[in-house]
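Consider the two complexes below, in which chain A is the common component and chain B and chain C are the respective partners.
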Partner chain A sequence: MAKRPSRQRSGVGRRITATLGRALWWTAAVFGLPFGLLALWWVLSADSQTFYLPPLSEILASFDDVWLRSDRLRADVLPSLLRLAAGFLLAVVVGVGLGVLIGSFRRVRAFCEPVLEFLRAVPPPVLVPVLMLFAGFGNTMKVLVVLSGCVWPILLNTVEGVRAVDEVLTETCRCYGIRGPARLWHLVVRSASPQIVTGLRQALSVGIILMVISEMFAANNGLGYTITQFQRTFAVTDMWTGILLLGLLGFLLAMLLRLFERSALRWYFGLRQSQRDDGQR
Partner chain B sequence: MNPTDLPQDGTGPLLDVRALRKVYTGRGRSVEAVRDLTFAVGAGELVCVVGPSGAGKTTLLKCIAGLLPPTSGDLVLEGAPVQGPPPGMAVVFQEYGRSLFPWMTVQQNVELPLKQKKSLTRPRRQELVRDALAAVGLGDVPGAYPWQLSGGMQQRVALARAVAYEPHILLMDEPFAAVDAQTRADLEDLVRSLWQRLGVTILFVTHDIDEAVYLGQRVLVLSGSPTVVLDDVAIDLPAERDQLGTRSSARFGELRAQVFGQIQRAKRGWSASAGQQSRAEEDAAGPEPTDSPVGTR
Partner chain C sequence: MTRAATAAPPAATAPAPAGRSGGTGRPRGGNALLGLLGFAAFLLVLEAVPRLGLVSANYLPPTSEIAVALGELLGEPRFWTAVTDTLRGWFLGLAIAVALGVLVGFALGTVPVLREFTASTVEFLRPIPSVALIPLAVLLFGTDLRSVLLLVVYAAFWQVLVQVLYGVRDVDPVARDTAYTFGLGRWARIRHLLWPTALPYLLTGVRLAAAVALILAITAELIIGAPGLGNEINRAQSGGAVDSMYALIIVTGLLGVAVNVLARQLERAVLSWHPSVRAEGTR
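After this line comes the complex of A and B, so read on.
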């Protein structure tokens, strides 16, 4: 009897050790390669004499000054992120809205498909000069550029997702009088949500690229503008810090999206797991 | 305008199927799935429809459910012609894995159809969900997702959803064809007990002769495609049935043999006239096109 608590404790201890082990392993898996590459960069660039490739140690040393001890986070990074967010969210609304419409009706789809394929094939950066003509140099133009690139992956993935809505589930909705907005949300959008999230992920990377590009053409603030300015004034080390910051932001945004995906598609991962288990049985 | 509120006088048939015919027309070819079906189901009856694979059973059920428009013939439910899914009807599909919403919990799945009924208050709705889940023996897993449950339990959720909807007629399309034998026996007893307790009318489609005889008050025997009604067998087994006693009784054996004989005759008739028995049997999903009539009876 006296032994039992101690055995329980050791059981708990083992579980904690296992959890810690898993956490360590996860951390190593996620950060191992990035840090390895950084270390390689550090070593290879350590005594670089090339003006355009300063040592990583110098880049990291000036990162602090360039971005954190200046006004640039508020004056440049924040406007960039806001433009990206506005363009991306508008693309979600337009892409999912049109995607549901096009995906739901075969006739609309047949009608739109050639145009969609054409528009998708146009590289969004070439739209920047065109959009400048219509929307000027302000924020509207930059948001439109981001929107024009982000909308395609979301739209096309939504169409595919909506097309694949299960027939039995559709009939279930008909039998139980589930129509209108309830059907749209509970059946169509939720069914398509795994594909929609795939579209979001593709759109995010496109959006970051376009955010930078739109700021390179005509801007007086933003990350793209600042990095271009550094490059034009031969502030090469500062330019590299900007590139690092961009990479970091991209990584953080992708992580944010992953978090959203984990919670919104929990059912999908669970369903797939259970189907895999059934297949093994 | 809510037909579920119509009073049932219990005299006329609840469901009347007259000269139902369904021809699928595709590109350049048409398939006659159902040739001529006429039968009636009275209020409160439990009628099983049995027929060989590919006999157009699912087509029949989808027509009654208002999911498919018939080519000709009349479908009358509670005095009104069926033109779309009727409000007083619930359907349990064979593919339980695909008829439940995987992004909703068990409770949300059962509750969603009730949310479309504006006359239900929230407390009443929750009461219906709770009672229905308890009635199918799933009162303890309202927060689980369907894919966390076994096949039999998922079909119970589908059954609970149908029961909570308070239908006048419940259509079931081979609901237990995809679950294991033990679970299947439990689910059959569950259907019998729900039917006795709730007084709902049930039309139960199956390809399993034993299941049809065990469950039904009446068994409609369908021919192979193109389908007609071969026989309407009254099942005079006692109302209280149990898997062991009922299935081993002499009367069960006789009824089973009668239905089995009809189906064999249907197959022979089909094979004699079309000479394609094996093909007809293999093709459970879609019936083969043919010009030759079934020449039985």
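After this line comes the complex of A and C, so read on.
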């Protein structure tokens, strides 16, 4: 795996230095730029007089007060995340379920395709006013907003994945008389899972956007609401802490999904790797 | 270790060899007919649901009434101004994002050290939701076009950059060795080796970015109140003009479809030499 060919064969000491050197190089590569940028931000903003761009030191200092020492983690961040989770999970159930159905039958697919293409193309945020009419301002509306945005990428990717199931596998299943739920789970969903995960990834980023937007529109708690409130009251430093928190959440959720992807698609990455190695040989 | 993580994501990156279904010649005309039927059924259901009183017509007017409202909108200059405003924000933002994405992508992709040192930063900044920037945009630029551009460029840039980074890495080893053997210089390598390799990825990135840019442009108008279709939807909603609100939403959907179709046409035109597109044509 080592990129640099190690020429030293003599002595354990040299090998240790080489390993250490590589570890140092890796650490520098991963952490160098982020910390460099933060340091740059810190220094450049240190005596900033601009009202809208407060010094980073102040932002970080008030992060603690604004989010951790107050009740906001429980009262605002948690409800936001719960609504996101509810909408996202519902979208997974609906999207994968309908996607398997639509993808399995050619005629159903042909029937639904134009409508789906149109519905997918509607920018999800414009549905916020519509859903506000139907479901008012409460949690239901926000969960529905997240659901309505997340479902399309999952649905369409599932359809694509189900459509492209390997024909040899399909026929093997038929030969062995595998049908019903076993066929659905082991053949169809399994084969489509790489595409489904792609859909999940797209859906997550849309979902976070919609979580925030639905709260910016109409809410009395939540991350989007709190940040907008800071902005309206010109609490600029607090607003910046909110932006940082939102960024951090986006990053953590993406990481979480990637962990899931790694474990769920281990077979797939292995397959690709071996195909690639074959190709290079 | 890192290869598994950075291997091209399962779908949506490489231009997929379109349509693997069946194998036997399927009746295309029949499919189109079914699709039309599906659309007609969709419209019929939307017409029937409020008429039968399943849903109050105050929340969901029948399709025919929405169509009338849409017809009225088309005659208003105000509507067309909104469409131009939205498209201007979309196009400018997309253009800036693509230009930046290509420049930065090639710079990072061709210099291994740079690539290694920026990977973690890209991975950190990319998932940050662009709506986090809304309050900042409001304070800095108000309802100006610059607010829209800030959000659009931030969201679209990453789509392009990531695809270009994948593309630059995908160079065929034999082609690369050949280029070295023939002594191609740095620019010749970029022009004849990297650019054609990365182009399909770049166009996928442009297609994804175009859709995201439209979403963000309309979001910015909706939330911040910058002039455009999003703002019109907001006005229609708060004014209780439910039918024209639906009509405007349909217009945004049609814009979305148009953007997708355009992006695919562009892809096909620019990549007419590429095996994936050629294979599709011969079927």
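FYI, the second predicted complex is superposed on the first by the 246 of 281 C-alpha atoms of A that agree within 3 Å, B and C clash if a C-alpha of one lies under 4 Å from a C-alpha of the other, contacts with A are read in each partner's own complex, and residues count from 1 in each chain.
Throughout what follows, contacts are C-beta pairs under 8 Å (C-beta built on N, C-alpha and C of every residue); 3 or more make two chains touch, one makes a residue touch a chain.
What you see is a predicted model; the values in this text were computed from it and never measured.
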Once the structures are superposed on A, label A:Arg190 by its partner contacts, choosing first (chain B), second (chain C), both or neither.
first
Which partner chains sit in contact with A:Leu169 here, chain B, chain C, both or neither? Use first/second/both/neither.
first
First (chain B), second (chain C), both or neither: which does A:Ile178 touch?
first
In the superposed arrangement, does A:Leu253 touch chain B (first), chain C (second), both or neither?
second
Using the touch definition from the top, say if A:Ile154 reaches chain B (first), chain C (second), both or neither.
neither
Look at A:Val128 in the shared chain and tell me whether it touches chain B only, chain C only, both, or neither; answer first, second, both or neither.
second
Between chain B and chain C, the one with more contact residues on chain A is chain C
Looking at A:Leu56, would you say it contacts chain B, chain C, both, or neither? Reply first, second, both or neither.
neither
Across the two complexes, find the residues of chain A that touch chain B and also touch chain C.
167, 268
Spell out the part of chain A that touches chain C in their complex, as residue ranges.
1, 28-34, 37, 52, 106-107, 110-115, 117-130, 132-134, 157, 160-161, 163-164, 167, 194-195, 197-198, 201-202, 205, 208-209, 212-213, 216-217, 224, 227-228, 230-231, 234, 236, 239-240, 242-243, 246-247, 250-251, 253-254, 258, 262, 265, 268-269, 272-273, 280
Please output the residues of chain B touching chain A within their complex, sorted ascending.
62, 65-67, 84-85, 87, 89-91, 93, 95, 98-99, 101-104, 112-113, 115-117, 145, 147-148, 161, 165
Seen from chain A, its contact residues with chain B in the complex are 166-169, 171-172, 174-179, 182, 186-187, 190, 193, 267-268, 270-271, 274-275
Chain C - residues contacting chain A, complex
1, 3-5, 7, 9-12, 20-23, 26, 30-31, 34-39, 41-42, 58-59, 116-121, 124, 126-136, 138-140, 173, 211, 214-215, 218-219, 222-223, 230, 233-234, 237, 242, 245-246, 248-249, 252-257, 259-260
